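By written order: A, B, C, D, E and F. Residues from 1 in each chain.
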Amino acid sequence: MKLITAVIRPERVQQVKEALFQAGISGLTLSRVSGHGGEQEIIEHYRGTRVMVEFRDKVEVKMAVSEPFVDAAIEAICKSARTGEVGDGKIFVQPLERVIRIRTGEEDNSALTPINEKKLAPVS
Amino acid sequence: MKLITAVIRPERVQQVKEALFQAGISGLTLSRVSGHGGEQEIIEHYRGTRVMVEFRDKVEVKMAVSEPFVDAAIEAICKSARTGEVGDGKIFVQPLERVIRIRTGEEDNSALTPINEKKLAPVS
Amino acid sequence: MKLITAVIRPERVQQVKEALFQAGISGLTLSRVSGHGGEQEIIEHYRGTRVMVEFRDKVEVKMAVSEPFVDAAIEAICKSARTGEVGDGKIFVQPLERVIRIRTGEEDNSALTPINEKKLAPVS
Amino acid sequence: MLLTPPLLRRSLPLLTLLGAGAALAQAAKAPAFNTGDTAWMIVAAALVLFMTPGLAFFYGGLTRSQSVLNTMMMSFVSIGIVLVLWMLGGYSIAFAPGNAFFGNLSAAGFNGLDNAVNGTIPSYVFAAFQAMFAVIALALISGAVVERMRFGAFLLFGGLWSLLIYSPLAHMVWGGGWLGVRGALDFAGGTVIHIAAGVSALVAAFVLGPRIGHGRTAHVPHNVPFVLLGAAILWFGWIGFNAGSALGANQSAALAFMTTCVATAAAMLTWLVWESVRGGKPTAVGAATGLVVGLVAITPACGFVSPWASLVVGIAGATASFWVVQFKQSLRADDALDVFACHGVAGIVGALLTGALAWTTGQGKPVGEQLLIQTEAVLFTVVFCGVGSFILLKLVGLVTALRVTPGQEISGIDISSHSEQGYAESESGLSAPVMIGGD
Amino acid sequence: MLLTPPLLRRSLPLLTLLGAGAALAQAAKAPAFNTGDTAWMIVAAALVLFMTPGLAFFYGGLTRSQSVLNTMMMSFVSIGIVLVLWMLGGYSIAFAPGNAFFGNLSAAGFNGLDNAVNGTIPSYVFAAFQAMFAVIALALISGAVVERMRFGAFLLFGGLWSLLIYSPLAHMVWGGGWLGVRGALDFAGGTVIHIAAGVSALVAAFVLGPRIGHGRTAHVPHNVPFVLLGAAILWFGWIGFNAGSALGANQSAALAFMTTCVATAAAMLTWLVWESVRGGKPTAVGAATGLVVGLVAITPACGFVSPWASLVVGIAGATASFWVVQFKQSLRADDALDVFACHGVAGIVGALLTGALAWTTGQGKPVGEQLLIQTEAVLFTVVFCGVGSFILLKLVGLVTALRVTPGQEISGIDISSHSEQGYAESESGLSAPVMIGGD
Amino acid sequence: MLLTPPLLRRSLPLLTLLGAGAALAQAAKAPAFNTGDTAWMIVAAALVLFMTPGLAFFYGGLTRSQSVLNTMMMSFVSIGIVLVLWMLGGYSIAFAPGNAFFGNLSAAGFNGLDNAVNGTIPSYVFAAFQAMFAVIALALISGAVVERMRFGAFLLFGGLWSLLIYSPLAHMVWGGGWLGVRGALDFAGGTVIHIAAGVSALVAAFVLGPRIGHGRTAHVPHNVPFVLLGAAILWFGWIGFNAGSALGANQSAALAFMTTCVATAAAMLTWLVWESVRGGKPTAVGAATGLVVGLVAITPACGFVSPWASLVVGIAGATASFWVVQFKQSLRADDALDVFACHGVAGIVGALLTGALAWTTGQGKPVGEQLLIQTEAVLFTVVFCGVGSFILLKLVGLVTALRVTPGQEISGIDISSHSEQGYAESESGLSAPVMIGGD
């Protein structure tokens, strides 16, 4: 199993999520982060003070996947999150030793398959 | 040493924290995350628009522990975070190569024991 | 490659960032976290209720670096984030198997060097 | 024209207090329509209308963010439901001629108010001014039941409470009923609004039961600036509430304005001093609470006491409320936002002090006698509203569940009762909502 | 002195409606300066001034957080630009003598208003009161173009719209122009403000094109308490808007006040009922929307209908708006904050019902005839404002781009148009800004 | 009755400016109690009361979120402490008969105001109206010392400042003291409130020393909508401040109202233009600042200049303030929220322009002479308040530390001074607070 962590643009969350679903990955944990890399800073003005914002809003998507899904996940993210402009983000792959599903105590691969309650469909 | 990351329900933070303390683990880092797994979506209404919130608020608890504490930690989290409903969350265990305490520069196991200032007691 | 995660005091973000730049590290991802360790709790009062806040605001700085930069990074963080008071934070070092730059698909070390748009200079 | 003596009762201070020269002469003849009084009373009514949204923010800031909308909605919907009911019947029950306990329905639908004059102001203005009091009385109660009461149940209870408890009580004190006839002094509604709401709130908290985790988990205000905003709007609107109760732009209004300012300032400082003395710090929530408590305490007294006496009223009201709040944990009821401690207790202190201090402006009966009457009015109100609210809640409980389910309560009542959240992350963010239809 | 008959037109209700005894006698002679009326009208003007910031919060809360400042700024800058233009020429075009369509420039720069009296109030107060109407009319339009219109383009369009569309329309209805002469009833501006703004907003939304992602991504209010705050300030200020349109503290104002309260309460409840009936929950945004819609619907009618009739107006207005909102997805235009559905539709319903229900207070012509005149006024306004706004926008589009770039729109218009953000994390936090100059 | 000539001084404009027919006749005889004037003045006083919470939001939004409560509390507690002190002695020092510099204590405790009339309004209303000016004058100063001044030290300084600096200055200008006698024109308090507060604020910033990191780290407003809300409430309340200073609902009030609107709108636009011209964007903070600056600049002039002249005042005031703000980095003092640049500078510009432009309404002495008097008044105020505040702060510094510790300042003054935070995450969240007792 691997833990894949992707840092992406906030406006691409929706596309990335859909691409991952199509690749069969639906267990995700997201968080808001601030990134610093090659992007230009934003300038703001407040009453005679010029201010520079160096960090950009990004979203971190974390997912635990079993080995066969790693490449599919990376490809799905790359395709759906790419804009071609500096600041598209990075993907990190780390080893993962154990996964436990809290609800059942199941471990590892069997802990990774989500059990669905009934779902709703978005407008397309 | 391992880095244990648990994704849990926000309303269980307090219980998990207490269970971990009893298991002897008191160094923790928490963050708010949004999770997607098997849970049903929430529907919201705004002036004639029906909207679906796919991600649920979760809390990620991260703790670095030395080997002997790993199982104790997992057990403590499972017991205290379990409700039995879909959405209880997951625990991830990853290898951890080094830990440094910034204040002293101590490394590894000796960096993991917290030095307490005086503490207050909650009402029971 | 390693993934270095540092938990630091929020008021030291600026110094840590500058120290890391000087050490040649400019790709960073930050997030707000709440920490619990040896620090004393904060007491708040609300209309006859005394309340204890156990978690302290911290900032987590995450950076993927290639091996030669690991020690430089740790040293830079320790120097810039240290106040000597309990609560200065920790540094965690984890193995990192792959890094992909979403924009180009480049992998590993070549994914780690940021390509700069033009930058602005702060007042010194 | 509906100008019957009971309707004039609330303008009595006007007649007794009028000041210098010309004004007195004018008051001697039968009061006639006066543009100045009308101007003031329209504004006063608008100010009291503005108080209820102020209360929504005062209360809304004090709850957690997942319940902010439900908390605010209870105030807003109080405006909606009470204004409509006031027109249909509430006004008539309160102010039409009737017996010692309630008015008849002769003024239902504001029948007979068109082009009529009440004292020196149009009857519609009088009716609208009084409507706003009925509105806020109900909204005040909502503070005790936040985060757990079903919205429908609150609506049903609120409508009944307004018609069956508030309107009759208003009739008894101001509309010609027995308390007014006995000589109970209540300038701007300490008994009718604050004691009534405070006691009903306590009963409602008791009947509903405590919030989940009450006494163990802390409920911390999610937005203290909102609390301050609400308190500020309340104070601003309360000028209309208190000085408007003179029913004209006269010396009585001037006195009520001044005492309201002094008592409120004193109460705010008193609360901060008590907080500091108890080993804590002076807090913003404390300042907001203290000022509201001061406003409550001076309400029944404002046109009857001198500025010096109002200082006493403010200090005493804040002190009493402060100490009740400190020991609220020992109350069995989870009166979430301290409606009883703030409105009930300060209202009672104010009502009694009105009796004790009315001599400072030469009004009321001899102190002892007046105090007795005030005590009687307070006791009656406590029992009437306490028992009445209890019965109403039990009745409503037969028709519909009073509380949301525990799961709904834990995840926040806003989602389950209103399908919406108070604050949204930016749409491109984490909890990015996905559109599923134009409904 | 500028006291010409056209200027008095808006005070006509005053003369026809005045109530009991003394007041009537006073109205019989030529109206003279009256402190009570003046007191009320200064306050009324201040209340209407306060409405536009209220609108800023109503609208601002409904947008996403990255666009909150631009949304609010369009309201604030409307105050700035319209007040200055009103002095320079807008007032004169609207209220100076002229032809059937616009006034001449004899009162430009408020020439001749000094120490003059208009009815019973100083002319400056009349001019200021009317100024606030011009301000909010423009600000209302901004709700349709949020998150994408260039700020400079809005300013240019706004200035032209105010001078070339609003002022002439005000002249036609209130300033002695043909609609007023025909006998169109519009007590407080349903036609002049709400229909005009609603239609212009729809046209603007159409010309600008939809927001990026409209119809796919959901636009969720970022701060519902702000929406409620805005709605509350609007209601509070609307007392000045409606009751102030009686131009004095008289029975007409009293009636307008009462009907405004009743209709608004009824509309709020109606909206919540429709939401529940449609299988959803009663929402806070719904309550705020419903109450604003009620205020809009009663605006033209408030001084002309009885309280019972106002109940009908509130219910009908909210129902019409509610259903238009439900089907707005099928509109080609992305009227982001439903300006047309709320102000245009409710304004039209209100204008027609004014004709249908003015008999309840014995005003207006026979129902059929009055209805015809109202319909005519509505149709004229729709066409005049629709075509006029379209032409103005196209003209502005020749001078400057109307929209920001897609990139700017996605990352939020606040940064690109105003170089600032609505909310900052704490400075010691993540996005810690670094100072780069004292500029 | 306290109706002594000095008390009438502020109502002088009323007598000189009164308009058409009937009104003039009425003014000819001795002024008598008038309900219209009273109605307006009660409302005006309430509006000015509402300004201080408005200021709390204007200032609170500009600070960082960890200091929002302390910032707001300084405004709220100013209301508390000044209202009480005003009753005890402040009013008497300002308005009782006395010498050229301060009044005696004959009106302490509002002695002699009961049922008395001042001009055409109850004396209590006059005293309450003036009280609100004293309140906001102190609250204004707090903007310079945010994020670092100990709360107790602010309270002590504030109380002394109000009694020893504000009240005497009010006496000198309005209470019969030498500046008023000399003929200095200050319609609504440009000198007494804004120059006084601006200069005192600058001195306080200097004595306290800069915030930690000042000039290196940026201090970014944490909530710009709050800034706009505060600015809107300030404008709304300022109608009472300026038009209320006519002390009646008369032509003078009408003029003051109109000039206040025009100047403020012009100042807002001016500020936005300067921002754009300097290569930046028009900002929301800029719009809010510009409008407040316009209000300040027109304050001394509002009843003395024509609408055209008010346009000049607004533009000049905003321009002067804008450029002072741009170069504030070179000031040695860290006047955190630009109190001096906004209130001091615009106040001085306004005071001087009042002298230069009073001829536009035929008031004041010949321009040259009047300008000299105005300059004299400005210089005196600057020196008096500057030196006085310096001495008071040094005295307070002997009794208690003026600043919080650096650690407390860095982690935010709210926790250390008030044991509370402005905003709480949801209780079930990360920083979940744990209850430790019912206190």
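Following the convention adopted for this analysis, contacts are C-beta pairs under 8 Å (C-beta built on N, C-alpha and C of every residue); 3 or more make two chains touch, one makes a residue touch a chain.
It should be emphasised that the depicted structure is a prediction, and the values quoted were computed from it without experimental measurement.
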item	value
Least hop count linking subunit C to subunit D through chains in contact	1
Chain pair showing more contacts of the two, A-E and B-E	A-E
Inter-chain centre distance, subunit C versus subunit E - centres from mean C-alpha coordinates, in Å	51
Subunit C and subunit F: spacing of chain centres that average the CA atoms, whole Å	45
For subunit B, residues that touch 2 or more chains besides their own	11, 14, 30-34, 43-46, 48-52, 54-55, 94-95, 120, 122-123
Junction residues of subunit E - those touching two or more other chains	34-37, 39-40, 43, 216-221, 223, 229, 249, 280-281, 283, 285, 326, 328-329, 410, 419-421, 425-426, 428, 430, 432-439
Residue ranges of subunit F touching subunit C (in the complex, touch as defined)	216-217, 410-411, 415, 419-421, 430-439
Of subunit A, residues touching subunit C in the complex	2, 6-8, 31-41, 43, 52, 54-55, 58, 60, 74, 77-78, 81-95
Of subunit C, residues touching subunit D in the complex	44-51
Complex contacts: residues of subunit E adjacent to subunit B	218-221, 275, 280-281, 283, 285-286, 289, 325-326, 328-329, 338
Subunit D-facing residues of subunit B, complex	11, 14, 33-34, 42-46, 48-55, 57, 123
